[in-house]
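Each of the next two complexes has subunit A plus one other chain: subunit B in the first, subunit C in the second.
Our next item is the complex of A and B:
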């Protein structure tokens, strides 16, 4: 365990050093993130008006959902996209062989090799927005609520990682379909809005099959104090299930990996 | 006789080779088509929301609008900046520059080949939509269809020229794709892909109509779905943007090529 921890610190230390060489990129990223958040808020405001709600959510409450979506979007650009997006390159160029030969777990290596600090600004903005929305909705931040939200955000993070990893791992067979993650990203965009705003069939889809609801709506509901214990338990079960599936699928995929030249 | 460096033989060769090339990547293109489902997600939101009354799209008009927006987007997706950046980085651009044909034509043919490959997948998604929403089914009149086709191609031309403008900046800077990201954001919010332009407050709408974005999705989608729309003003704006952007792209491109020193030089 200590070895993995030390390795991770090295990985991210070098990633940070590399990124510091490209400071203009961070500036552009910050600009893009603020534009994107501004546009999303404008779009969200179109659904509201005097006395109008979206799926029973008020403007301030919907801001919390939007904030949590921004957090997860930031998480994808800091952590998931740079790492999982390069699995296909490793497969295509044969460098996955080198990863597999290293005396460290290969899933650990491909999932945590690098990170893009520029995306952290988006995480911070998202947390700020969610906090502001919660404050405006009259949420009282007790330690119990904060811990539950933190746990549910982690549950959401595990679900998102596992879904992304499952899709990225299919590149072991289908090298060309690297953009399958783009389909996932398009569907994840549904998490910008509270799940209650969607028609019933989609609600079911976004809760059980593609559990976007647990990423954004559930943490917001935890803050509002209107979430039931079974739902939290379901979230944890789904997260464990997806993570186990991702792990098992990676092991299965590696058994079918035949290296680039063979 | 060659017009802009093109004659029938060159056009045929370019299109058939690019189409064959794109067919090889049909699985990838199918996934790209599928990743364009965002208008449908937005449709499900809008149709259940209290704000829908202000869109001016009653009943099936809203379904038709978003399906049309999906289709217009499918056939006006542009990726020239990514292809160009890769070609410039890998040095593939140098042989293209020697050929007696403007390299941008090659990318235009690539996009048209990709659109043709995309056609069956987009049609499949549209058919699936009608299975779920049979009451929204409609067949545009022949005239309306031709107009929508032209409007979509004009939208494609504007998007292509805008992105070529950014791609030409690759000659100077390595940040061209980052700039493209900045351009994509106003497109996403103001083109009509996520919300019909009638949803925006009048002040925003008045300002947005002076940008090229509404003519990329909203205008062609309304023509296709048969909404009452000012055809003359829409086509005039589209033509105006093409005429404004075309010389800019050509000028910037020429200046860039003069500066280009190939890889490793």
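Our next item is the complex of A and C:
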């Protein structure tokens, strides 16, 4: 365990040093994030006239959902895209060989090799927005509520990671044709709005099959105190299931990689 | 790959020869566990490579001339620190090893300059350092001198010979440059169309590929072509310069006859150059 921890520190240390080589990028990223969030808020405001609601959610409550969406979008920019997006490069350029020959878990390596600190500003922005929306909605922040939200955000993170990783792992077969990032972004974008804003079949899809509801709507509902225990348990079960599936699929993909490449 | 069987003793330096696509890289990848053999068995350092057991991975290393593991935008030192952490090498030990190896490789301030600013030769040496930091017992080197200028090639070669002598590591090497193989590998394996065509000393391969010896003569007086009948295959006859190809078994008697028949100013017996032979072999694509 100590070795993994030390390795992670080196991974992120070098990632940070690489970013510092290109400082202008961080600034551009921050600007892009701010503009994108501004655009999202404008879009969201179009749904709300005076006194109108979206799927039973008021403007302030919907801001919480938008806030959590921004958190996960930031997490994607910080962690998922830089790492999982480079799996395809590893496969195409054959550098996955170097990873596979290291005495360390290859999923650990390809999932945590780097991070882009610029995305953290988006995470902070999202948390701020969700907090502000919650405050305006009259939410009382008790320790129990905060811990539950944190746990559900982690559940959402694991689900998003596992989905993304599953798709990224297919690049071992579809080296050139697959752009996992775009598919995932589109999927995540559906989490911008409260799940109740969607028709029933999509609600089912977004809860069980591609559980984006657990990323944004559920944490917001935790804050509003209207989430049931079974739903929280379902979230954890799904997170565990998706993570296990992602892990198993990676092992399967590697067997294919190592028996077919030359 | 079909019917390829061999054993390599610890500390040996073995060269893999073969045309593009002959199966050199496939063999190497099979030995380090990146490709599963569809049939047969591979054992390296007591392990089945395809399981990629951590203990096995700590004992081997792979260097690929066309691919790099160093982080492009950062100095090699950062990549070395990452590798030290991955292999669980304590900082103090890693620093000592880096100092030793960079001494041998003649790397100094290059280790603190971004990789993208290094020359190809410096980058390759840094790659070698990164690959050897965990003191592997078995080195798999796939075209380690690819694209390097003659000087850099020679330095890498010298380093590998030194490293093998000092540590007793086993080295398996593929190269397009015959000079790498002749300088480093007493034992050579020639893989041809997925099969092991030769396994043994390099000069034995030479005699197998070209059974004749080359005899070069310089005569005092020009002689007609007929004068050489029965001595061997006449390759060249220009005034006093004569080149003959002679069956090795008949070599001594042929030389005796030449000295008897002609007034000889100079006489030389040579093996045909090995790289030329193998180059021809690869060009023809068949044996």
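To be clear about the criterion, the second predicted complex is superposed on the first by the 256 of 262 C-alpha atoms of A that agree within 3 Å, B and C clash if a C-alpha of one lies under 4 Å from a C-alpha of the other, contacts with A are read in each partner's own complex, and residues count from 1 in each chain.
Just so it is clear, a residue touches a chain if its C-beta (ideal position, glycine included) is under 8 Å from a C-beta of that chain, and two chains touch if they have at least 3 such contacts.
Note that the structure is a prediction, hence the values are computed from the model and not measured.
Measured by the number of subunit A residues touched, the leading partner among subunit B and subunit C is B. After overlaying the two complexes on the shared chain, residue contacts for A:3 are found with subunit C alone; subunit B is out of touch.
In the superposed pair of complexes, A:160 makes contact with neither subunit B nor subunit C.
Of the two partner chains placed by superposition, A:63 touches none, neither subunit B nor subunit C. By the document's definition of touching, neither partner reaches A:139: not subunit B, not subunit C. Contacts of A:125 after superposition on the shared chain: neither subunit B nor subunit C is touched. Contact with subunit C, but none with subunit B, is seen for A:258 once the two complexes are overlaid on the shared chain.
When the two structures are aligned on the shared chain, A:185 is found in touch with subunit B, with no touch to subunit C. Taken in their complex, subunit A has these residues touching subunit B: 24-25, 28-29, 31-32, 35-36, 39-40, 42-43, 46-49, 52-55, 174, 176-180, 182-183, 185-187, 189-190, 193, 197-199, 202. Interface of subunit B with subunit A (complex): residues 25, 27-28, 31-32, 34-38, 41, 44-45, 47-51, 54, 175, 178-179, 181-182, 185-186, 188-189, 194-195, 199-200, 204. Against subunit C, in their complex, subunit A makes its touches with residues 3, 6-7, 9-11, 13-14, 17-18, 21-22, 93-95, 97-98, 100-104, 255, 258-259, 261-262.
Chain contact summary for the complex, subunit C toward subunit A: residues 25-26, 29, 32-36, 38, 50, 52, 54-55, 57-58, 60-62, 64, 66-69, 71, 73-74, 78-79, 81-82, 84-88, 114.
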